[in-house]
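You will see two complexes here that share chain A, one where it goes with chain B and one where it goes with chain C.
And then the complex of A and B:
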């Protein structure tokens, strides 16, 4: 029950456009208990195992209070009883009796049925990996709503997930997917993916269904449906540079440590870290002229090309490095005003992760 | 204090930038600079009285003529004796002085007169900075010899304005724009006041702190709390004390109190040095319930707010929309923007979203306000390059700079958004008619409104 509530609580909106959304919808049908929460964009239904049941029906329960009491209860079998007129009683061995006011289920918005035109299964582990590797780059800028979601492109045996906020971009492709439907591009809101990460286990085998305006992700224990973001995703392929001439290879962990240290001294607004790259070393520098602090540190790199001076937002740089699983990371660079391509030095045969990072223009 | 013009100085907060100007100004101190500030007395009211001599000698207020609605925008000095002043509600003004004559506001007329006065002032200096419709600041340094002295120029300005326009004004003259403005404030009405280099601190010393340009009610309350009531006390207070209470603005205020400020002067209405937000609100002459009409007002407010934010060299993050219905129920709705901004397109877009979220369709609105808060000095954070919109941000910035410049030189009305074509949300942004989702309105995108290009 706790797990089930956790799964759905994430979507209960904090500001309620409709009062009934502060409730969860609890329904008992065919000896199955389901709890549902929605913010109208995203709906999550969790299935809860029950030992025994009597009768059928549904009720609304105040989400917050229900979660609070369930969380405080020890792991004992619990008896939930709904009495007319809509009083929910919780009883358990040695835990007393709690009564929650219930709501009329008619007040809860009708749950969207989705008529999936495209449907396929994939491993929960892979789905979670794809989401994790991209969602850091999702935009939070409501002025560009399309970028506040993640683009999912489905092709024959292939899935490609892209996220960008214009400053960085992450694209991950898998070619070991059992997908044979039509080519399909959809943009899924960030919040839905966030929920998925929490609700899906590695050994789940979620079924993904995509309809015109909605998508659903269904496992044995939960079902999430989300509205898709409407609009045209920008042509991200055109901004991936093809011929960045210089390559810098660096130990991922070392670079990460240096970036983290340097970022302590980065300007709190620009987060700028300046990198001067030479044949065998790169110098990272940051300073905050307002407090008068500065830091610099040198790191060994393998670099072919002209010495280069450029600057990145160190938070973005750390985000990118965090996604690299291999010992070394490869930066393909052009000039100090062009996007860098960052990749693992070794890629899995079935997977292609590519990240872009736009620099900060240097003052000259 | 050492001020160095290294490459980082652009990161310095606004107030430092202001101080830098002080330094720059005083380094030119060999040729003592002189500034003249002209402030029209009860401008709107004076214009009305000039055009209708029957009003002479009577208390006159402009605004509030439309029943008990709105505020008065000007009151002549007779009306001021009853406590009337600009910004007071019509109800309050009537209560205080029921026999005052309340006249309709004739905006275009005042703008026209103002523009002619400004043009006339250019005879006295090529450097005329209009600060508002009835105030301007002139540098007269190089014209002193020609007229034989500062007082002579001041007298000539007053004489010219009277002869050409039959309007009273007050002229203040000082070694910097701040002191000149203070001199004008002290010389009102119909006066001419001269404060010479070095005199300012002594003249300011006995004044209460709220007489200083830039120190508003909130700041003066805070000053009283630490025992500072006069400008002299402020100037003499230990820097550490005011700094601990007001941060970086403390020393700036002390400089003001000593009359040492030749930084850029802002409009009167922007006068809080510690202001954390910049906003405008408009009481609508005629209440409106049509959301399209509100949108127009909102765009105008957003433009004004953005312009002032840019002028202050600030960027803000917290946008607050205020809606007052005709029954005086007032709603404020806030949103933290995703990143700091001084871009009116972003402000318009978010203001519109806020309006859509709170407005009750069909109810009549009598006031709309918009303010941008959590202000901080503008940093060079927009050097972050963008994958898709590399050129766009820059273009907007150039456009705003050009528009601001035009307005500085030729007045606020010289350029405007193309009102007719302005900002029709496209169908995608309207509610999709989803019965369970009354709030399913999208956020307007860049394509939804148009700016005129220059």
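And then the complex of A and C:
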């Protein structure tokens, strides 16, 4: 029960556009207990195992209070009873009796039925991996709502997930997906992905359904429905450079540690870190003129090409490095004004992760 | 006072003086001349027109048309007072469909300029050239000329120094001329137009419909989004185009209202339009519109004002109501699926869009130069150091970017049991009316206006970037382009180097098109294009103030970039704001001179309670 509530609580809105959204919808039907919460964008229904049941029906319960009491209760079998209309009684061995005011289920918004035109299954572990590898690059710019979600592109046996905020981009492709439907591009809001990460277990096998304006992710224990963001996703393919001439290879963890240390002295607003790359080393420098601090550190790299001087936002740089699972990371570079492409040096046959980072232009 | 016994003798003013006085009524400035000449050309049956302006009309206003022209005798008559071919009987005034009817414009213009007219009437072999200076005919002779009329008004007000002095800057005078031009060009999309300024071709508009005309004037982006209005009830027809809320403007300059194709101003009708579209302009701003009313001539009276603009309707209420209905219907049809406010049909759909549109919790500042926020220290071991500089940087902020960027961060916190208001790591700050920050001090309570506070911070930062150390630029993956009107090209070019030192890399990519390649690094900007256009508009508006352009641009950036009043802020953002404000050189006043904060001291509070 705790787990079920946790799953749904994430979508209970903090500020309530409709009072009934502060409630969760609890329904007992065919010996199944389901609890549902929605913020109208996203709806999560968790299925809760029950030992025994009697009758059928549904009721609204104040989400916050319900969660608080359930969290405080020890792990004992609970008896939940709705006797009089709109009065919920909670009882359990050695934990007394609690009465919660209930609400009329009529007040809960009607939930969207989605009739998926496209539906397929994939491993929960992979789904979560794809989300994690891209989500960091999602935009928060409400003026461009389309970038506030991730793009999911479905092709024959292939799924490709893309996120960008216009400063960086992450794209991951899997070619081992059992998908044979039509080609489909949809944009799923960030909040739904965040919910999915929390709600899906690695060994789940979620079924993904996609309809005109919504998508659903269903596992044995929960079902999440989300509205899709509509609009045209920018043509990201055209901005990914194919032939950056120079490659720098660097030990991922070492680079990460240097970036973390250097960033302590990065300019508090621009966060820029300057990187000067030579044959076998790169010098990272940061400076915070406000406090008069600066830091520099050199790191061994493998690099062929002209010496280069570039700058990046160190937060972005760390975000990118964090996604690299291999010992070494490869930076494909062009000039100090062009996009850098970052990849793992070794990639799984079925997977292709590509990250792109736009530089900071150094003035003078 | 009507019947005084001893009244002063009536004297006749010398004709030239009288003409100059009268001229002032009709032509008070270059734009008025342009209006009269274009009106004449349209009345004269032209479908192609070229207008050339030099020195904002001070030295030359020239209108060339291909209408039916004038014969030699027409010409002589045209510059005589009250000679008009358009109105023979007084009753005609009631049912007028031409622009001119007084027969006053040409003589008035002739009285205060060096006028040159070349015209060839349709069906005639030769044309006539007529030169008039300060009202006196200097030359009238046959010339070879194309069919139609070309009128040049040179050295306007050369003999009325007072008027000349009264003129504003070239930029302002030209703005008015351009506005007249746009009014006519939109009224007559089937006429082709050219406008030259000091030999540069600013606009070349080919015949088309209203939407394509709008595209020619304001760009394709705007034209595409405009919502059509088509409405007819009783004797009133309304048609035209209005912008959706997403195109809301900062100024009211692109609003065009006509009756029977005659530009009018009517605060009342304007209000009808505003109230009709208000629900769809959720974040404020002004609509762009081109709205044309058509009505039987006896339903309104347009001759209230000598400048022929103000209009009176027999049935004011009816017009108001119908115009309101026309606009509301058009815009609500267009927006029905998303923005409908009624909660009937599908409660689900409508309420959902309401949420996403307001999104009070996570609404980011239009521009959020607050650095990434520190994690609320869950271990809370560090001493509470309000405004300590290190809280804003370092690994913590960095490693945390992922976590705190999650839209669901707030709910995640609740899951791990962090109390919702952990006010233990900073001073207490409240935000009231989503506009003021309030914080207790030892000696009282301080109120801070969030917008002007942020304005001050950004102003100083921009100025520092311009004058001392240029700001670095985050290069954009998807450069954003924008177009400005041809009159504004110079202004934008003036701004570019300054913008560059502020971190905006903007490159010209066409005669009036620019591309934003990079934005100030670390400053989270939402809507680069709108921000930049806003800065440029603001910069332009202050053009007359004569102050240093660097200060003007910094102020424009600050004004457009600062968080708005009415914008909810997170605690951390409020802290940053206060922190940075008191790090400013002058935290007292915003660049425009408004006070930033106000302290109510303890003594005052004590007094309320008679302590």
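Note that the second predicted complex is superposed on the first by the 363 of 364 C-alpha atoms of A that agree within 3 Å, B and C clash if a C-alpha of one lies under 4 Å from a C-alpha of the other, contacts with A are read in each partner's own complex, and residues count from 1 in each chain.
Here is the rule we go by: a contact is a pair of C-beta atoms (placed from the backbone, for glycine too) under 8 Å apart; a residue touches a chain by one contact, two chains touch by 3 or more.
Fair warning: this is a prediction, and the values are worked out from it, not measured in the lab.
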Query - Superposition on chain A - do chain B and chain C clash or fit - result: clash
Requested in this report: May I ask you to decide whether A:140 touches chain B, chain C, both, or neither, giving the answer as first, second, both or neither?
Outcome: both
Query raised in the report: Touching A:99, do we find chain B (first), chain C (second), both, or neither?
Result: neither
Query raised in the report: If you stack the two complexes on chain A, which partner ends up touching A:191: first (chain B), second (chain C), both, or neither?
Result: second
Query raised in the report: What is the contact status of A:76 with respect to chain B (first) and chain C (second): first, second, both, or neither?
Result: neither
Report task. May I ask you to name which of chain B and chain C touches more residues of chain A? Result -> C
Query raised in the report: Of the partners chain B and chain C, which touch A:156 in the superposed model: first, second, both, neither?
Result: neither
Report task. Could you say whether A:231 touches chain B, chain C, both of them, or neither, answering first, second, both or neither? Result -> first
Query raised in the report: Given the touch rule stated above, what does A:313 touch, chain B (first), chain C (second), both, or neither?
Result: both
Query raised in the report: For A:289, is the partner it touches chain B (first), chain C (second), both, or none of the two (neither)?
Result: both
Requested in this report: Would you sort A:167 into first (chain B), second (chain C), both or neither based on which partner it touches?
Outcome: both
Requested in this report: Run through 23-31, 167-175, 185-193 or 365-373 for chain B and report the one that clashes with chain C in the overlay.
Outcome: 365-373
Query raised in the report: Residue overlap on chain A between the chain B contact set and the chain C contact set?
Result: 17-18, 40, 109-110, 140-145, 164, 166-167, 169, 234, 239, 267, 269-270, 272, 289-290, 313, 337, 339, 356, 358-363
Report summary line: In the complex, the residues of chain C that touch chain A are 347-348, 351-352, 354-356, 358-364, 369, 371-372, 389, 392-395, 397-399, 401-402, 405-408, 410-412, 414-415, 469-478, 501, 505, 518, 520-527, 530
Query raised in the report: Along chain A, where are the residues that touch chain B in the complex?
Result: 17-18, 40, 109-110, 140-145, 164, 166-167, 169, 230-231, 234, 236, 239, 267, 269-270, 272, 287, 289-290, 313, 337, 339, 356, 358-363
Report summary line: So, in the complex, the side of chain A touching chain C is made of residues 6, 9-15, 17-18, 39-41, 109-112, 135-136, 138, 140-145, 164, 166-169, 189-191, 194-195, 227, 234, 239, 260-261, 263-264, 266-272, 288-291, 311, 313-315, 318-319, 322, 337, 339, 356, 358-364
**Report entry** chain A partner contacts - residues on chain B that touch it in the complex
**Finding:** 7-8, 10-13, 338-340, 346, 349-350, 353, 376, 379-381, 383-389, 428, 436-440, 442-443, 445-446
